[in-house]
């Protein structure tokens, strides 16, 4: 199977979730000529340390996705408040339906069914409702997963994973977070690659695939 | 996502299981220029009514797969005894490993994890072991499934499903079996299509996909 | 096992869900002399096209259930707003407890645990809480189910399914919805029947049965 | 729902499993006029202490089922060797198919999908294959269950449970087994009853119900 | 494995849930010298019959936990309204994070993933988020569990269970509730003990253990 | 929770499986003064390249476990044939029961329920039957796991993981196997550690814990 000439939405609850969950795969999909859009539902003031300006995350996400190969005009930043997505679920669903009508995606990446973060759960649940007639994959965020059910494995080059690690380093305001560690990024890709007798890979939950 | 220019193994415990489980999808994959092989692990005397000659099923499977678009030279018939696969599991695994080395498939179709037929269970379990580094899908056989977990949906044309129904009618020695009914074949495709707001589809369990 | 002389509640999030999920079974249960009540938690203005009067759905549901054999006085219409059930869950639970005390049902039909519609999820979850000491079955709505776990199969006559299809055709304001298609209704019944070596059936998730 | 005038098979891997798993329910079903048959696939020398004669278990099972209300002529004793059912699975399946053709049961009770005893697993798996077109329930044997999924609850009178405990006491050759303890039998029934705000019940896994 | 010299939080949605779910285990953990804290998120007016004073439950919980061996100063009573936890989930999570920072627990007991009570579901879900880096166990409340997945079994003495039953009897304002019945408390402990060839035990869902 | 002064069995289908699945944990358990035994059910000629002598694996396993801290006299080597455990399951169960009676273990480590290797499945299934009254954990072997359900996390020092990697390097006859790679060993420990905001850990399926 291959993914070429497709329209793909990377849906991130907060900036950086998309890179963490599928940074290597984004790099590969961009290389192979797909149309990749990055949508973050919360883009600013996300637990920002006091020394940073308020639009720091907006600047950081632009740099990060550029490294992965997504054009600046393919970034959509929405402004839902962190930790309050549950109170806005119908509005978030309506926003997703608007995205669906506008971009007509073939494939959508969202957090997985096993993600325990309160905002990620909302993006997962509303994502199912909005996109159930196209392919949906759930990305892995071990920090938030008590368990995970990997169905899709995307084999990646060392360069793909290097770009992922580099992209994450653009989030200078977030570098105190243990899960942004470069060694951890490579370790996770190595373990998923090892399951295929390959070197590096990212794994995804298969929610639905439509061919 | 699309499947083109791939090597694909349809693994059937007994002749007719491959057509029942993925007949429409085989027709589509052949149309789209993939290399499709059909392997049946038991090919003759499968509960054959007395009025039929002993190699009837071998003749029938050839006609059936020809309708779906598989060339005669892509048919591999093995001779394990019906209902006794459990006693031959290591030999069946060895045969699968030989197939893997010879054909180097990208995608393999086997019965699903929910199939309760004793021989189908063996093909499922040994199939996992033999092919775990490539894409594996489990096909739906409602007659043998108490439940089913559909992950991959393949949208199909009416012509794809017509070919499936026609192919099954080539099994003249088996037409007393209720699950070969043409109306049932179309009904199942219609229900799976309806889940996508489409007309016809076949659904598969996603065991593992490797890109 | 049989169901006779029982009090049965069909709980529909919106008018038409009960007919879609268990129309054939309702017809059979009425024929066999049970006391069947139909409760819809949202009864009007449910995405009604502009050319229809505001109480159109109230009229349609009455005609639909009459075809299935439910007396007009056994219809209870509540007025929760579509897509906003999550904000009213405690009130919906209280309404269910009132129904339970008033009708003392033996059996309750609700959407299944696998239904992804936001309002259906509320009816499922509150239904568990309200009715956990009696028999509860979850009905199948493939349009809203990524998967389904069928435990109870009710074999049905062709006439039962014809009544279901006819009842759905009474929803003239909703006929643009693909899942009301008569061919689809018959196909689904045929597939579930085929799993029993029968012709037609409806399948239900068994949440709890109490004998 | 009710069960009356039905033909019911209680399938026990070894004598005493049927009483342990559904003794109270058997008593109730017999009271209510059903035709109940007890089939044990291994009936003698089942870890019999040396002081007992070799046909002790045959005598004990007759006394036990008489207490529950099953007529002696409704007992079928087969002679598969304890702990070796896995080597005889096709023969056991064939025996079940013979039973099915002879008795045409409406309902069959077998060990549950969660039973970890090697012989019970065979009876469960072959039971699915033989009886998939009728109602099948899996009975609870906590000694052999790491977990259990109760779907059907049968409310029972104190007398029903007393008969179960009494029946088990007829297995004088087995009284060293901790799970035959009368207090344990009543405790289990009390816990399952407590889940319904009732006093006593037995719980079963619902494998499939056909109405 | 053993639990000694640890800091343990018993988190109860309402007073009495902690005793019901893990009363025997609390008694044992206290005996063995652990630091056990009891936190109830709703402590008063919990469906209190009219003849009782409004702070009755506060008095009762103190007496109950004293019997189990928890010091009065280890009781933390919060005041969320019964049945409205879902509207206060972020506040409840914040309260849990405060508890985590203050007590730095090694082990936390919360309701299980299978609990269907609306408030218990909130304590479970927020509990996962707050405590995911330490050991978390889910306690069994059969009244609220359609099913349960027991992983951890704690063997208990008869005295441990007697204390549990006694503690529950201190809830004089709640004695009309069927699940406080002493016979039921002993029966449940007996069944879980029986699964280990022991006499009494309590069982818990293992959410995560960290050594 | 802690594990001290306990008797622990590491059960490996083949030499090296125990080190791969729980090498770091073994090192830690030995350090902390537990009595750790290593049992391999197949110890020689395990796909040995032709240039090695036939007792090579016996020598290698001794060196490997010595590095982890297990005394030579705590090694038990049995001689079942690779890939044929399924034909010997009752004999393997009997051997386990003998081990249980002789060592009276508190904790047993076996392959997980998700392991798809044919021999590992036998050790898992018979292990459940033999050891169900004590604590049982399933170890992770990503090469053989399509998915995994981690319940127990054991935090480990860098030295623990270094010993694991070193022990695996003693299997000089197996170094062509991709899963013995030192980088992969560290990566897996790093990912599991990362899930706890720690550095290194091993994860295990919790089958049953008895306290």
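Here the chain labels run A, B, C, D, E and F in written order, and each chain numbers its own residues starting at 1.
Just so it is clear, a contact is a pair of C-beta atoms (placed from the backbone, for glycine too) under 8 Å apart; a residue touches a chain by one contact, two chains touch by 3 or more.
Computed from a predicted structure; not experimentally measured.
Counting hops only between chains that touch, chain A reaches chain D in a minimum of 2.
Counting steps between touching chains, the shortest path from chain A to chain F takes 1. Shared contacts of chain A and chain B, meaning chains that touch the two of them, come down to C, F.
Using the average of C-alpha coordinates as each chain's centre, C ends up farthest from chain F.
Set against the C-alpha centre of chain D, every other chain centre is closer than that of A. Averaged C-alpha coordinates give centres for chain B and chain C that are 36 Å from one another. Here the CA centre of chain C is 52 Å from the CA centre of chain F. Shared contact sites, meaning residues of chain D that touch two or more other chains, fall at 146, 197, 207-208. Pairs of chains in mutual contact: A-B, A-C, A-E, A-F, B-C, B-D, B-F, C-D, C-E, D-E, D-F, E-F.
Interface residues of chain A, counted against chain C in their complex, comprise 89-90, 93, 125, 128-129, 132, 207-208.
Considering their complex, residues 142-143, 145-150, 178-179, 181, 183-184, 186-188, 190-191, 194-195, 197 of chain D touch chain E. Remark: chain E residues 1-4, 6, 106-107, 133, 135, 151-155, 196-197, 206-211 touch chain F in the complex. Interface residues of chain F, counted against chain B in their complex, comprise 83-84, 86, 116-118, 146.
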